[in-house]
Every structure is written in C-alpha cells, then in structure tokens.
Amino acid sequence: MKNSNLPNDVINKIIEVPKTIIEAPINLLKLLAPKRKKKASAKIGLPPGSIVYLGEKKVEKVTINVTEYDETSAESYEINSAEEIDPFTDTPQVTWVSVCGLHETDFLKQVGERFKIHPLVLEDILNTDSRPKIEITDDYLFIVMKLLLFNPEQKILETEQVSFILGKTFLFSFSEKTDEIFNPVKDRILSQLGKISKRGSDYLLYALMDIVVDHYFLALEKVEERIEILDDEVINNPDRSQIESIYNLRNLLLVIRRAIWPLREIVNQLIKDDGDLLDESIEPYLRDLYDHTIHITETIEQQREVTNGLMEIYLSMMSNKMNEVMKVLTVIATIFIPLTFIVGIYGMNFKYMPELNWPWAYFAVWGVMIGVVGMMFYFFKKKNWF
Amino acid sequence: MKNSNLPNDVINKIIEVPKTIIEAPINLLKLLAPKRKKKASAKIGLPPGSIVYLGEKKVEKVTINVTEYDETSAESYEINSAEEIDPFTDTPQVTWVSVCGLHETDFLKQVGERFKIHPLVLEDILNTDSRPKIEITDDYLFIVMKLLLFNPEQKILETEQVSFILGKTFLFSFSEKTDEIFNPVKDRILSQLGKISKRGSDYLLYALMDIVVDHYFLALEKVEERIEILDDEVINNPDRSQIESIYNLRNLLLVIRRAIWPLREIVNQLIKDDGDLLDESIEPYLRDLYDHTIHITETIEQQREVTNGLMEIYLSMMSNKMNEVMKVLTVIATIFIPLTFIVGIYGMNFKYMPELNWPWAYFAVWGVMIGVVGMMFYFFKKKNWF
Amino acid sequence: MKNSNLPNDVINKIIEVPKTIIEAPINLLKLLAPKRKKKASAKIGLPPGSIVYLGEKKVEKVTINVTEYDETSAESYEINSAEEIDPFTDTPQVTWVSVCGLHETDFLKQVGERFKIHPLVLEDILNTDSRPKIEITDDYLFIVMKLLLFNPEQKILETEQVSFILGKTFLFSFSEKTDEIFNPVKDRILSQLGKISKRGSDYLLYALMDIVVDHYFLALEKVEERIEILDDEVINNPDRSQIESIYNLRNLLLVIRRAIWPLREIVNQLIKDDGDLLDESIEPYLRDLYDHTIHITETIEQQREVTNGLMEIYLSMMSNKMNEVMKVLTVIATIFIPLTFIVGIYGMNFKYMPELNWPWAYFAVWGVMIGVVGMMFYFFKKKNWF
Amino acid sequence: MKNSNLPNDVINKIIEVPKTIIEAPINLLKLLAPKRKKKASAKIGLPPGSIVYLGEKKVEKVTINVTEYDETSAESYEINSAEEIDPFTDTPQVTWVSVCGLHETDFLKQVGERFKIHPLVLEDILNTDSRPKIEITDDYLFIVMKLLLFNPEQKILETEQVSFILGKTFLFSFSEKTDEIFNPVKDRILSQLGKISKRGSDYLLYALMDIVVDHYFLALEKVEERIEILDDEVINNPDRSQIESIYNLRNLLLVIRRAIWPLREIVNQLIKDDGDLLDESIEPYLRDLYDHTIHITETIEQQREVTNGLMEIYLSMMSNKMNEVMKVLTVIATIFIPLTFIVGIYGMNFKYMPELNWPWAYFAVWGVMIGVVGMMFYFFKKKNWF
Amino acid sequence: MKNSNLPNDVINKIIEVPKTIIEAPINLLKLLAPKRKKKASAKIGLPPGSIVYLGEKKVEKVTINVTEYDETSAESYEINSAEEIDPFTDTPQVTWVSVCGLHETDFLKQVGERFKIHPLVLEDILNTDSRPKIEITDDYLFIVMKLLLFNPEQKILETEQVSFILGKTFLFSFSEKTDEIFNPVKDRILSQLGKISKRGSDYLLYALMDIVVDHYFLALEKVEERIEILDDEVINNPDRSQIESIYNLRNLLLVIRRAIWPLREIVNQLIKDDGDLLDESIEPYLRDLYDHTIHITETIEQQREVTNGLMEIYLSMMSNKMNEVMKVLTVIATIFIPLTFIVGIYGMNFKYMPELNWPWAYFAVWGVMIGVVGMMFYFFKKKNWF
C-alpha cells in the first residue's frame, strides 16, 4: 500500500482551498432560505412521485461519468443517455455512474424505468431539500446525504445533496454540482491502487460516503477556527459586531447538525442490514464510518456548548465595558461636582461674607479643594477602581 | 404523467395567497385561547361520548360533497343527509364523503349509526380542541389532524381540525370550514389523471394527509420569512417593539409544534398497521410522509433555537443601545464638568485673587480649557469610545 | 341520548364557580408547604402500614354515601359504619361507596378487614401526600389521584387527594373534603340516564376519573387566563410586582405538573391490564382518558414555556424602562451641562475680558446657546432617542 | 396494631433535632470536598479489592451490636470479634449484626472469609465515597446507600454511607458513625411489637432502608424551609448575600440528588429480583419504597426548578434596586441641572444685560424656576416614576 | 495482601505531581485544537485502513517493553522488533507488550500481520484523535481509551490516547508518550504480589484500565480544587479575569466529558461479552469499573452544573459592583447638585436681590445647605444605601 503514489495534488487542492474561506459565514442562512422556501410552496398539490426538479440550476450542463472496473481492469468515460448504460449493467464488473447536475430529468426517468426504481426515490433525488435518509429494498439501496462544501468565491459554507443508488454490481451517485470530491476514489480505481478494485460496489459506496463524512470534519475544523478567532476577539477586544458573528455561528451549527444527525441512523441501518447487497466483510468499515459520524455529532454538540459559552462571555465583556464607562463618569463627577460647589460658594454676592476679605482665603480654598481630591483618590483606591 | 395538465391555477391560488399574510401573527394566541377555554369548562359533567358541537359556527351551511370513482369513471355531487350515502357504500368504487362544517350533528349521528362508528370517535370529530390522534379498529381507521391555514383577512395563522374515517371502500373527511385545500386531489380524481383513480381509499387518505402536511411547510416558510425580517430589524435597528414580536413568534412555534408533534406517531402507526384497510403498496408513500413530518419537526426545533438566539441578540442590542447612551452622557459630562469647575474658580469674589488682575489670564484660562478638552479626547480615543 | 335532560344546573354550578377565582394564586406554595412538612417528619420511625391519618381535619364529619344500581333500579343513602355495607356487597348490583373526610380511620380499618385490602393501600389512602399511583391485585385495583380544585373563599387553587378501590361489583371512592364534584355522575345513575346504569363498576371508575381529569382542564384554563392578564400587563405596563406573579405562576405549574404527570402511566397501566376487573369494552374510554392526560401534560409544558418567555419579556421590559430613565438623564445633562459651562465663562471676574464690554455680547451668548441646543436636538433625533 | 405503644420518644427525638438545623448549609460543599479528594488520589496504584479504610475516623470505637429474634423471642448484645457470630448464624432465627465505625478492618476481613463475601464488596463498604449500588449474588445481596443526616453542632447536612449485606437468615448493616437512626426498628423487634418479629431478614432490610429513605424527606423539608425563607427575603429585602445562599442551596440539591438518584434503580432491582433471598410477600413493601424514592426525586427536581426561579427573581430584584438608584439620580439631576443653568445666566458679568436692572427680575427668575420644577414633576408623574 | 510492600514511591510520585498543576488550564483548548485540525484535513482522500501516523512525535524513541509472567515466574525486558515476540506468544504464560510512542509504524505493521489484526484497528491505534471505542472479534478485543494526564512543565491537563489489544494469552498496550502510569501493575507482577500473577491477560487488561480510570478521578479532583478557588475568588473579590477562567473551566469539562462518556458503553460491552477472551470471574471487577465510570460521569455533570452556577454568581457579582458605582455617583450628585444650585442663586448679579444685603444671609444659606444634606442622608439611610 503506497500512499505516496496517491493523487496528493487532489487531496492538497481540497485541503488548501478552505483555508481561505468561512471568513464570512454570516450570509449562510439567507442563502439557503430562498431555495427552501420556493420548494415548499411549489410542492403543494403536486401528485406524490412527480419527477420534477425544483431546485436551482447549479451547473450549466449535466455530466454523466461511467467508471467500470474489476480486479484486472478499469476504465472511465462520459455518456449522454441512459441507453448507453445497458450493455454493461449485467457484467460482473462494478459500474459506477456518477451524475453531476439534476436539472435534466429525462436521464433519471430512463434510469427509473430500466432499474425499476420507485418514483418516490426519484423524487427524493431531485428534491434537494430532502432530509438525509435511507431506503432499503430487495433490489437496491437508496441513500440521501448532505455534502458540506466551501464556496471559495462567495466565502460561505454550502450544503449540497448527494444521493446514491446501490445495486448488486452498480452504483449511481447524484450530485447537484460538485463531483470532484469523488476524484480521489476514481483515481484509486483507475490506477488499480489499494483494495478498492478488488472489492464490489458496496465498498465503493462506503468509500464515497467516507469522503462525504470526511468533509464534515473539514467543515467543523473551519467552525473551530472561527470559534477560536472569535474567542480571542471577544476576550481581548469585545465589540458590538461580535454578537452577530456568534449568532450566525450558532445558526450555522444548527444547519450542520441537521445535515449530520440523521446520518447516524442511516449508517446504523446499513450495518444492521442483512440483505444481499452488502457483503459481510464491509461491516468493520461501516462501523468505522459509524464511529466517525458519532465523533462528528459529539464535536458539533461540544462546539454548540462552547459557542453558548462564548455568547455569555461576550455579554459579560460588554457589561464590563459599560462598567468601565460608568466608573469614568463617576470618578469625574465625584471629583468635580463637590469642587464646583465649593467655588460656587465664593461666587455668591452677599455683602457680608467674611471669608471674601481674608487675604489668604483664596489659597485656603485651593488647599481645601486639593484635600477633597486627595480624599476622593484614597476612596477610589480603596474601592479598587483604578 | 403530465404535470402541465394539473390544475395549476388551484396550486397557484394556494401558493400566492399566503404571500400577503403573517404580517401580524401577534394576535394568534389571544384568538385561539377563548375557543379552547369555552370547551374545557363546558365538557365537565357531560357523559362521555356525547355528540355535541361546542366550537364556533365557522361556516353558514354544512356542505357534504360525495366523490365516487374507480379506474374507469369518476363523479362528484352534493348531498344533504346520510341516507343518500347508502346506495353507494357497498359498491367496489371508492366513495369519498367530504363534510365541511361541524355544527349540524345530525348527519354525524346518522353516519355513526350506519357505519357503526364508536361514539367517542364522533365526539372527537366534534371536539375541535382534540389532540391529533389515530384510532385503529377492525372496521375503520380514524385520524384527527390539525390543519395550519392562513387567514388573509385577519392576517393570522389559524389552526383548524381535520378528521378522516377510512373504511375498506370509503373515506369520510371532516373539516371545520376549509375544504378547498383538497380540491387539487378532487380535480385529479375527476380528470382521471395520475395513479390516484387506479388505487383504493387508502391512497386517497394518503393524498389528503399529504396536502395537510404540505401546508405545514408553507406555515414554516412564513415563520422563516418573519424570522428573517426580525433578524434584520433586530440587528440593524433594535427597538422596543421587537421583543413582543419575538415572544409571539415563540408562542406561535409552540402552537405549531403541538399540532405537528403527535403526527409522527400517527404516521408511524399507519406504517406499522397490518390490518386489511391499508394495502402493502401504500407503505413507501407513508414512509415518505413520515420523513416529511420528521423534516417539519426538525425545522420547528431549528426555528425555535434560532428564535431563542434572536431573543438573546435583541437583549444584547438593547443593552448596546444603553451603552451608547451612557457613553454620550459620560463624554459630555467628563468634558464639561471639569471646565465648569475651572470657570467657577474665577467666578469667585475673593478680594485677593492675583490671577484676576493679570491681563492675559482670561486667555490663559481658555488655553488650559482647550488643553483639558484635548486630553479628554485623547483618553476617549484610547478607550475606543468613538 | 338526551343531553338536554341532564342535570345542567349541576354542570353550570361547577362551571360558574371558578370564574371568580385564581385572582391571587400567589399564596399557593406557602399554603401547601406546611401540610407536607408535618407529614414527612411524623412518618419517621412508624412501622410501615400504620393506619394513621396525619393530614388536616378538613371536614367536620365524615360522610359515607352508598349508591347501589343496576340497569333497572338505583338508590342512594348514607351509612355510618362498615357493617352496613355487608348485605349488599354480594349482590350483582354495582355498589358505590363514597367516603368524604379521612380523619376517622375506624371505617377504613373495617373496610380493610372485610375486603382484604393490603395495609399499605389503606396507609396510602390516609397519607394525603402520596404520589398518584396504581396498585393492581387479583381482587381489587387501587388508584390514588390528585384533584385540583378552586377555593373561592381563599381564592387559591387547592390540591386534594382522591382514591379509588375497584372490586368486581363495588367501588370505594375516598375524598379529603369535596365529593360534590361526583354529583353529576350520581345524578345520572339515579335518573337512570345515559349508559352508566347499564354498565359495571369499571365504567363508574372511568366516569369518576374522567371528572377529576376534566377539572385539570379547568385549572389550566385559569392559569391560561392569568398568563394572558400578565402578558398584557407586562407588555403594556411593566412593574416590579409582576416578577413575583410570574414566579408564583411557575411554581404553581410545577405543582400541577407533579399532580398530573404520573397519571399518564396510571391510565396506561389500566389500558394494558388484562385482569378480570376491567371489561374489554371499557378500553376505548380509557384510551380517550389517556389522550386527555397527554393533552393536559402538553398544555402544561406549553404554559411553562410561555411563562418562561413571559419572564424574559418582563426582564427586557424592565431594562427598557431603565433605558428610558437613562435617556432622560442623558438628554437633560447633555443639553444643560454645556450651557452651564458657557454661562460660567462669563461669570468669571477677570479684569480683562473683552467680551464683557461688548454691548451685544449677552445676546450673542444667547444665540450661541440656542445653537448648541439645536445641535443637540439634531443629534438626539439622529440617534432616534425621541 | 397499637401505635401508642411505639417508642414515641425515639421518634420525637429524631423529629425535633433537625428543627434547629440547616441554618447554614453554606459550608457543605467545602466540607465534603477534602474527603473525596483524599480518597481519589490514594486509590491509584492499589490492587483492586484491597481492604483498606481511607475515610476519616469518625467514631472513637467500633461497636458491633447483634440482635437475634424470631416470632417468640428477641435479644440484643454487643460483640467484639467475628468469631462470636458463628454460633448463631445457622439457627433459623434472624441475626442482625449492626456495625458502627469502619476504621477497624479486621472484623470485616473475618466476616468476608466466614460468609464468603467478594473482596470488592468489602472494599465498597470501606470506600465511603462509593456510589449507591446493589450487588445480587446467589448467597447474599449487597446494598450501598447514602444517609442524609443533620449535624446539629456544625449546623450542616452530612452524608454518611450505609451498607447492608443480606443473607437468608442474617443481615449485616454498616454505618460510618450513626446507627441510632435504626433504634426504632430495634425497639420494635425487642418489644415484639408489629409484624417485624414474625417476618424474615428481608423485611428487616426493608424496614432499615425505609428509615434511610424517610430521612431524605426530612432533609428535603429542611431545604424547603430554607427556600421559603430565602423566597421571602429575596422578594421583600433583596440583598447581596442572598446570591451566595441560593448558589449554595443549588449545590446542596446537586449533592442530595446524586445520593438519591441511583436508589430508584436499586429498589427496582430488588423488586425484580426473583432469587431465594427475598420472599414474595415483601414485594408490596418494596413497591411502596420505590414510590417514595420517586416522590423524593420529583421533589428534588421541583426544588431545583424553584431555586432556579429564585435566582432569576433575585437578579431581577437587584436590577430593580439599581433602577431605583438611577431614578433618584435622574430626578435630582433633571430638576436641578436646568435650574443651575438659569441662575448661571444671571451670574454673568456682561455690562449690557437689561434684565439685571429690572426691579422684579429676581422674583421673575424664581417664578420661572418654580414653573420648571412643576413641569418636571408633571413629567415624572406621567412616566410613573413616583 | 501486604499493601505496605507496594511501590508507594511510584504512587506518591503520581499523587504529588499534580498538586502543583492546573494552575492555568486556560491554554488547554488551543493546545488541543491544532492537533485535531491537522488530522481531519489530512485524512481526506486517503484510503481507509492506511497505517500512517499523523499525530505529533511526542517521544524521541519508541520503546517496546515485554513482560512475561505466570503464577511461578515473571520477567521483563525491552525488544526492538516484532520478530522477537514470536517465541513467547504460544506459551501459556501471559505476555504483555507495552509500546510507548507511535511514530514508527513498522512495528505495528508487523504485529498486524503476525496477529491478524484488521487494518482499521491499526489505523485507530495511530489516529490519536479517535473516539474511545471497543471492537470485539473472535480472536482479539480492541479498546481505545483516553488518558487524562497533567503536564507539570506546561501546567496543563493533557489527553493522550491509550489502546489495548487483548488476546487469549497476550495483551498489547499502546501509549503516545506516557507508560509510567502502568508501572505499579508491572511492579506487582514482577514482585509476584497480589492475585494478578495468578490470573490471565483479561485481569491484566482490567488492572490497566482501572489505572486509566483512576487518573480521571485525579483530574476531576484538580477541577474541583480549581472550582473551589474560583468560588472563593468570585464571591469575595469578583474581577474581570474570572469570567475567562470559568469559560475555560467549562470547556475543559467538555473535553473531559467527551473523553469519558463513551467509556461507560465500552465497559458495559465488556461485561456483556460472552466470548472466550474474558473469564467469568472477571465480571465483578468489570462491574466495579463500570460503577467507577458512572461515578465519574456523574461528577462531571455535577461540576458542570456548579460551574454554570458560578457563571451566574459571577455575573451577579459584577452587576453588584456596578450597582455600587452607581450608588456612589448618585449619592455625590444628589447631595451636591442641589447645593450648587443654591449657591448659584446668590451668585446672580441682579440689582434688586433683598437677601444679598441681609447681614446674616450668608450664614442662613449655610444653614439651609446643611439642612439639605441632612435630609439627603436621612433619605439614603431609609433606602439602605449605606
């Protein structure tokens, strides 16, 4: 197993990109909301199982990439219609059809007919607002997942829907717009590296799901980075704008949590499934995946609690700042108001004020005033206000 | 399956209407409360199973619409009494009796007798304050749901009770006042479009429940819109009235949650039921419905957390405003109180004050005062108060 | 079934009374606490199963009312000792013995011996601080419930303990002081109205439990009324005393919740019980009762959340009031402190102050001051302080 | 059953003592902490099952009291070593060995060897920081409980560990320092009163556990008393020191909750156990005990919520006090700052100020100032500041 | 069993060291974060089961220590490669291979091949960011735990990963850098003390896990110490920096909780496992371990609640300080502002001010002013401001 031969440039590209992002996840919620809204209204009244794509058209052209492999050979090419799939579906080779872009529904309809996929499954693939889910039938296994991806141009964290249909010798993967994240797996297949080419379509499903899950770790790293930055800022330089960042961070964590939470149950059902589609030897891998999803959900919960703590520390810091302002006001007022009263006394115009005529009176007043200031300082010192 | 043939105008009507609503969901709680109160008191002492309608009379006249259909034909007409149902109940055709308005209980009593419905079921149909529930017997299946609907005139979100009684070849649906929301289904039946006319009463029940559930998505969209508006307002222009809006939004979410929460269990029981009333082929549809209810409850929980966050951000914003007020006071007081003291000194009337006679003393005092102001500004700058 | 024939005056009496109550539930907690305390200490060291009554003597005289009925006849009379029960216990007629007042334990001991009731059951009847519970044996079924009742004189919500012992043909009900709430049932029995006289002791138990549960709805209505009043007051006229009302309301909800929470489990066990005591036909009624208890617990949880929100809105309102106070102070100080400084300048007594001799200087100073005030107003306007 | 014959003086002693306590539960946490710390560190590296006592030596001398009884006779005496137990272990009489003081481990080792007790059980008896637990083997049943007791000298609530080993005809009870709380039971045995002498060692175990549980009620009464006192104080006279009392009360409730929480599971396991050690007739008693533990845990949860509410009301009260202070400042400043400005005007020394020479000007200024004060008062009245 | 013979110096060293630590756990989160981040990114795209070490190189040289023992003899020596293990793996003696340092993966690969360990298990050993877990196969049992250890130089609490592979006659233990904590066990084996040398590899596993768990108690003691210090500080001398300490303490508790939480399930699975690897006699020990983990998780939850309470008390204390500041300002301003007004009156230059010419007027003004001050003091006294 030579890791050095692996397509490291692909890995590096993925790792490096996000480093420049999530500087401003503030717009996230607003970006997601319009999409969701449109769909919810549009669905009412449509008969169940209608194969209509209601999401945004995120890529110009739908691309369908086919990768066929077994232990001895592997090849990859693009196709245009479902008819081209036919010849290779009944070979013992594993056939991986990766569809990127969902706005052309014809291909999906053809697949649905040829592979006898339930219309509701096809509807779920197109409804990019679905909840992550798993459907297990005798003939195929259907999984919907959410992919968390960084958009380096808009500097936001995007959710995208990824679906898989697993058959005995084939796997369909559907992405809204990003399928490059699966390239490391494709490269490993084509270079016949690692054990992936020796194993069936179930291992391929696991490998793709593993990549999706690994991207959650990446997203949470970004969140953690941001928490640390905010943490430093809030403690060292609390400021009005941070409350908004904390609020947005919390909402972001809510969105991420919702994408990941159902995954636990999905992987658990995969482990417990004893149908023909999953080989027994895949179980340790699925349990590993299950551990990862638990690890992620625990990290999210921890980050949520840390963010809540951050909110409290922010509020306390702002209140401390207010305290400082009040102290300045109080010190100034407490020192000068009595002094102003003293000078006011000798500004009075009474005819009979004996002090006014004493030669040293003016200087005595200065003495009294300096004494008052001294007492004030002593008092403030004792109260620890400096 | 031609979606373009569907009664799009009906869909559009439903989608467009709410766009102008929920501008003021503030009155919601008060509107619902009186109704509920009246009933709770009125129930005490009545024997269980009393068929009395205690709710408001929401429509002038009770309308009873019957739709009969099978794969080959479909017809729809209005009837006036339960006797008219008899002839068609024992045909293999599916008979859908849609009752709108509950204040005439005679029809219900007749139905109860003819179809051997338990008195408690009839009581639950009339008690519009029931909790969503399911009752499964050998002969029929009874479901109570809450419908969330926008009232465009009063600009509020209303809850209404919808009940279904499903038999082998018939379905009764009872609405308090709105049955137009079921029109898309009726239109699909009458136009013999889609698979609904090829299937039994169980699929009809599913189709109607699906429409009720779809309206929850609509309600939550409205809530989401409102959260976004409030979000913007609170961050950009925090104001005393927003707290009331947030508080009302939270109470609204509590009401919605209570309407939806039991639905999960209801749909789950439908899925697990292995009686004769539900065909096996209906299960994927019910599971889809189940996913939708989970999706909705998750959205509500998320919205509740966002609203809680909004409350915190509001409180912080108000406290920031107070901070601003305090800063202005402190800056003004800190600058002018010492100056007033200085001018006070030379307002004193002592006979022996050497400075008073110096020719340039007045201008020196101005110099000192400008110096004090300068120092203050430097101090405020350092404290980041500007 | 003629509802109009029902003893409506009885119903009305019950409904009307509470309308004048819960004006001041503030004293509730203090009223309940002493009772509970006394008992807890007194129990230590007593052998388990001691038949001692440790509660307050709430009624002057213990009354024991017996109602015997079957489908054909019904009669009701008072008795004085347990011996008088003997003759009618072995008849097929249903015998309902309603005991009001618990401080005379002899009757209970006689009942315990004659009906072979476990001493711990008798102890639980007398220990009015028991938790709601159910005990199912082969021979009888024992239920403890809490009754929530309004005391119109002291204007508080009181909890009272009600216990039932159900045998095959008899039912004992024990109340601390109020048994009038069961009068509607007795009236229906004696007038041979409704199905109650056609059914056994199990249906009688259900009817009595149903009345106790209905009183919870009444209590929650009162709480809801109070929440609405507080809601209005807090939003329109926040005031120091409201915090105490909210705090008391929350404690009241805690007390109610504790009384009702175990009921869910009790009714659930009744439903699942397959002994001889409960006829199968009673099950739909029990499931209805179960739905009611769930409805009540959900209402309590909702009211608790609303009350928590009320607390937050109260705190925010009080903080808004403070903000108003600060603004007034700041506006006044910010306007007058600079003006006072200006007039102070020309109060100085320097010999060489050119302005003092300018004829129009005094009016110029007025001009400057008016200009300063104008600027301040513009500033406050911009800050939205008016 | 003659309750009047019972050792009432013993009961009274127990009930009276705590009346003078928990005046200051503030030191509780600090008192418990050192003990726990010492043990945790000292355990590391020791082989499991080491019979070493690591707690404080709480009593001077270990006392071992043996009570033997059956239906016909009962006697009680002190012994010094485990050898003296031998003669009476194989008699059908119940033998209750009550050990008070744990710092002499020899006796325990002898008991361990003679009665074949697992070393880990012996270790748990000595480790007074154990969690309440139950161990059921074929030969014996081992229970660890926490006893909550008032220390009237130090005025604190103390936790102490009590362990029981139940065999077929014997019961060992181990206390750290207080075994007088079991005296009522011993007295009942020796006076052959009640049913305890007619029953086996299992009933004895129940009777002792019941006493421990009854002491929890007592502790919670004390907490309730304290909550009520604080409640009154916070509402009527909020004060800086109360926050500390509330905080300590909450920590105290955490400690009590931890001591009681596991008890529920312990009693539940006793109920479900179908070994030889527990007779079937004991079950109603255990279920009664179970109800008590649930009652206690519910009371603790309620008290925790009340205490949380108390914290909120305290914070609100303190903020109200601040509000009062601000109002006083604002009223004073708002009235006098404008007046000071007015008098400042006529303190100016301009040559040409027409008003200065008007004879009635001084009185006019007084008129103006009184007018200003009047307006201010009207304004404050309108704002409800008085 | 002679405890005095035990390597007390080792115990003491462990106990003493931490006494000087956790003075500054503030840096904890930042220290852990970089490590975790690096790994998450680096994992993406790597094939599952890659045996690569991605953590820090924490020790210079990997050391592999082998301890072989049975009831009669025991010896311990260092080895360099997996080949040296071969001769002793098939003897009935227990072989404990303790590996310290993970950056040389060759040894692990050899072990993997020779003992047929699944690649994912080997990956988990190297991935020091794994979640605590257990894997049970027919041939071996794999456990990952987190060790909480104090770093006396950096004064922080560190987490380190410890893994165990248990076979029928061997045990592998893998530490990142610290294996001295296991020395007490090794010493007990080599000195043939206690029952450990009479028992199999399963008891050895238990003994090592017990030591890891005991270190959690130590960590929680340190946290408790710190809570107590903060507690004192916050109540007696609240200060801006404490909020940061409380926040860090909460985050520290989150980290500890995450390390310990899964342990409960791990030990529970060990108890329920009925494979060949664990002897039945080990069960009481495992149940004891289980009780300890529950004890620890309960302690953490309690400490979390106490820390939350600490946060609230801190906020209240800071708000009290602000209150004090406001009171000082208000007292000073309320006393001197009216006085300044009075002296201002007689500073006016009106020609006709009768008072100015009264001889005793000046002294009368002083009298009035002293009267005003007296009234103010009376008012403040009444308000309890002193």
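To keep things simple, chains are lettered A, B, C, D and E as they appear, and every chain counts its residues starting from 1.
Here is the rule we go by: a contact is a pair of C-beta atoms (placed from the backbone, for glycine too) under 8 Å apart; a residue touches a chain by one contact, two chains touch by 3 or more.
Keep in mind it's a predicted model, so treat the numbers as computed, not measured.
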Query - Starting at chain D, fewest touch steps before arriving at chain E - result: 1
**Report entry** chain E against chain A, contact positions shared by both copies (same if over half, else different)
**Finding:** different
Report summary line: Superposing the Cα trace of chain A on that of its twin chain D calls for a rotation in degrees, to the nearest 5, of 145
Report summary line: So, in whole Å, the Cα centroid of chain A is separated from that of chain B by 28
Requested in this report: Would you kindly tell me how far, in whole Å, the mean C-alpha position of chain D lies from that of chain B?
Outcome: 45
Query raised in the report: Of all the residues in chain B, which ones touch at least 2 other chains?
Result: 319, 322, 326, 329, 333, 337, 340, 344, 347-349, 353
**Report entry** Sequence of chains encountered when the ring is traversed from chain B in the direction of chain C
**Finding:** B, C, D, E, A
Requested in this report: Flag every residue of chain D that touches chain E in the complex, lowest number first.
Outcome: 29-30, 33, 36-37, 40-48, 50-52, 118, 120, 124, 130-131, 133, 135, 240, 243-244, 247, 250-251, 254-255, 258, 311, 314-315, 318-319, 321-322, 324-326, 328-329, 332-333, 336-337, 339-340, 343-344, 346-349, 353, 355-362, 365
Report summary line: In the complex, chain A touches chain E at residues 1, 3, 6-7, 10-11, 14-15, 184, 188, 193-196, 206-207, 210-211, 214-215, 217-218, 220-221, 224-225, 228, 235, 284-285, 287-288, 291, 294-295, 298, 302, 305-306, 309-310, 312-313, 316-317, 319-320, 322-323, 326-327, 329-330, 333-334, 337-338, 340-341, 344-345, 347-353, 383, 385
